[in-house]
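Chain nomenclature is as follows: A, B and C, assigned in order of appearance, with residue numbering initiated at 1 for each chain independently.
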């Protein structure tokens, strides 16, 4: 009896050993040789917490264990409209890096991203991608140059503690802009903090948030496509949106004293409890934890209020793509796609990988279950969320307003042509409205429109 | 500049390559090599390259194409250019108003201090040794527009403010100049102090014998004796502030609403600000225009002040 | 131009004669002005640094709500530790030092060798080189920015980018026409008889340089060194462009990058650490700093 059990155990051990040997033999055979390929990959933004860094490093170790012939060097990385071009020109981007939806196609057309078509088409889940999402990373000639990291819808993030302190119900975020305005005033009046704050730095974020506001009122920044696109920055909804900001800033004085927030600054200010409400991508909670160590109990997220009577009103949606340097050789390209598959894509489509990923994140005290949008389809998104359910460590009940509301909203992509230039043209308009009581909004919008139009015609 | 030309050290007359080497020709060349390489590669060649690039359209991705004066036209038609030129001029002008007379007064006072002179100089110079980036980031905290900002708290003691500092189009640029003056005035003080020690004391003694008042001595002896240094620091300061970049870039990125965009920030943004690729042609065209302006301005300045400074 | 007479002039209280000082109006008025000046200098020159020192060890919340209060809720020494261990100020500090030392060395080597060749050895073509040097003196730095950057990214003849290499900082730093001209003028003023004597003693150009000229040029090397080190500390735009790898960046590039993600108290602690060493360096070498700056200002004329 005893001996047979021992024999069984022994044979199991041997079997496992043989299997392991086989697997490693197969994997080294698959890579063709034992030659090690080194790739550098975008990791976290500068200034992330040690816990977040440790979590990322453990992902890398995991990957290297599965792919012994690939060595991964994490490089801290943040896409900024104002610095990306210099890094691109200088060739100092990591092998694998991230770009927003808005830029990948043009960069691909310019030959500045590696062609991944052959590698990507071999991925088992390739056919399942949402065609609209994969199109963002496909050049005009049909080459695939980038894969989705994730998609987001713009959302209203609010501080539940400040809501309560101002006598507002933290479970009932504003659903109209008029409500948002009065809530903001109430928060400022009661707590002295900025009721509503907005990014307005000259690095295109000001234009991005203004466009979000304008979409929610039913306006658009462009009509037509390609070089024939027409800039429509001076549409009535932009005017209305800016006037709303003007009232909140100068009549209510509910927007605080800082009007030069960039993406990171406003996240930091929000996490520090100095901002009642602000607009940012729905997935920003990850960053609020990894870079700013936010207290989860203050966090609330809701959909952007949409104008009820405007037919075109919708929520601005965007996303991040993962791309590879154009000068990466075939081996690095293959290794890069393996990393993209492992780190970005599998957790969305593969149960084992999703669970493993969630476990690593939880162990590193990083959030699991942050609201995002499907890059495949809604069913797959729900399925993936059900796999990681046991590991969800974000305050889900506080995210309910968003999670129930977002799928009822119409999702509108960012302006398709010269996106960043359009945003850039809008930056000074937002700044002017927030820093000059007597800003001539009509004139500012006309100027912005002509410089956006010039950028569109020049293909910038 | 070369008021006298001392004789070179010659080792032997040179005629053939051998005597050239023996005569020190080779040695001279060897001593010059590092300088020729570094200046050739990092000064003379880039200057020539600028002139070429200003006539080209290039973004390092596609091959460069000749476009004639197109870049200059693009720059001149950029609606931002007048704003940037105006801001740069205001910055330079304000920097002169703040940073020119105050160090002079301070230096004259300090030169007459009988005790603790080292303490005075050290205190004046201290801001200069702080790394400028640290200074800007520190002042950014001071300029916090909240009522609980550092400056607003201090001004609140005397019931002033709160002021928006960097957050208003009217006060942003002066705030930048204020920090820049703080960071740089100490160097100017020290230069004036050094120049003051060069003033011939016999002149003062003679004036004292004649019964001249202190004001008369300052006006008729100190200032005229300093005029060479005064004129020079003025033009150097103007040339420096015309190329101001650090303050607008770190404080405001040119905002709010372009109120602090300077010419150099514009050049930077042409070259590095667009995420889809740089417009190096326009950047070099604008930098050439700035250089040409500064050259003409300096010549005119030297001309206009020559009679006064050599009188 | 160096006016010899300057050194012989006493740095006494020449403007205001002892007789002036005896007049009560002068004594009180001027004395009062000087006291005011001292107070002003303490507030303006020292004040911001004292505030930085205080806030670097104050909890962030206190600094935000009561920036001028003295430790309302005690000190937070932790800020300094966090700035050192998490923000890695130390690493960026050493990067800054490495950049400064390299730039200094490159400037000293180029300025002395070129100054020696152009002033003492003076080959026939020296006039041409001099003219080229003076031309670059009139070209503002901004003209070089873009082409120099592109040259570093795609150097001619070498297919290897120098981005993220310290050579991209060190070598261009050496191309300072001001240094070469200043050193050359100093050498011009050295007594030729000594060179003649050395030559007759059989000293070749290299011995002449190392054993005679360099030891005599200490004062001017001090001036050039002060300017080289200060310029390197101050440099921001160029390292920002060519050093993109965070591990290689100096403080000036790194600090702005992490500002928005770093808690204010820790960030101020990082700023404090970043300024401490230059301040200590200045206090120790105060004399040469001030003399260098003053002399440099005079030399520019």
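Note that a residue touches a chain if its C-beta (ideal position, glycine included) is under 8 Å from a C-beta of that chain, and two chains touch if they have at least 3 such contacts.
All values derive from a computational prediction rather than experimental measurement.
When the interfaces A-B and A-C are ranked by how many C-beta pairs touch across them, A-B comes first. Of all chains, the one whose CA centroid is most distant from that of chain C is A. Between chain B and chain C, the centres computed from C-alpha atoms are 14 Å apart. A straight line joining the Cα centres of chain A and chain B is 42 Å long.
Distance between chain A and chain C, defined via averaged C-alpha coordinates, is recorded as 43 Å. Along chain A, residues 86, 89 each make contact with two or more other chains. Within chain C, residues 153, 241 each touch two or more of the remaining chains.
Multi-chain contact residues, meaning those touching two or more other chains, occur in chain B at positions 60, 144, 149, 271-272. Contact residues on chain B toward chain A in their complex (touch as defined above): 59-62, 79, 144-147, 149, 162, 164, 166-169, 252-259, 269, 271-279.
Those residues of chain B that touch chain C in the shared complex are 1-9, 11, 24-25, 27-29, 31-32, 34-36, 38-39, 41-47, 49-50, 53, 60, 106, 108-114, 116, 118-134, 137-139, 141-142, 144, 148-150, 153-154, 182, 186-187, 190-195, 197-201, 204-205, 208, 214, 217-218, 221-222, 228-229, 232-233, 236, 239, 242-243, 245-246, 249-250, 264, 267-268, 271-272, 280, 283-284, 287-288, 290-291, 294-295, 298.
Chain A makes touch with chain C in their complex at residues 45-50, 75-76, 86-87, 89-92, 262, 264-265, 267-268, 272, 291-292. Listed in rising order, the residues of chain A touching chain B in the complex are 79, 81-86, 88-89, 103, 106-107, 110-112, 200-203, 256-260, 420-421, 424, 427-429, 431-432, 434-436, 439, 444, 447, 450-451, 460. Remark: chain C residues 60, 86-87, 153, 161, 163-164, 241-242, 244-246, 257-258, 260-263 touch chain A in the complex.
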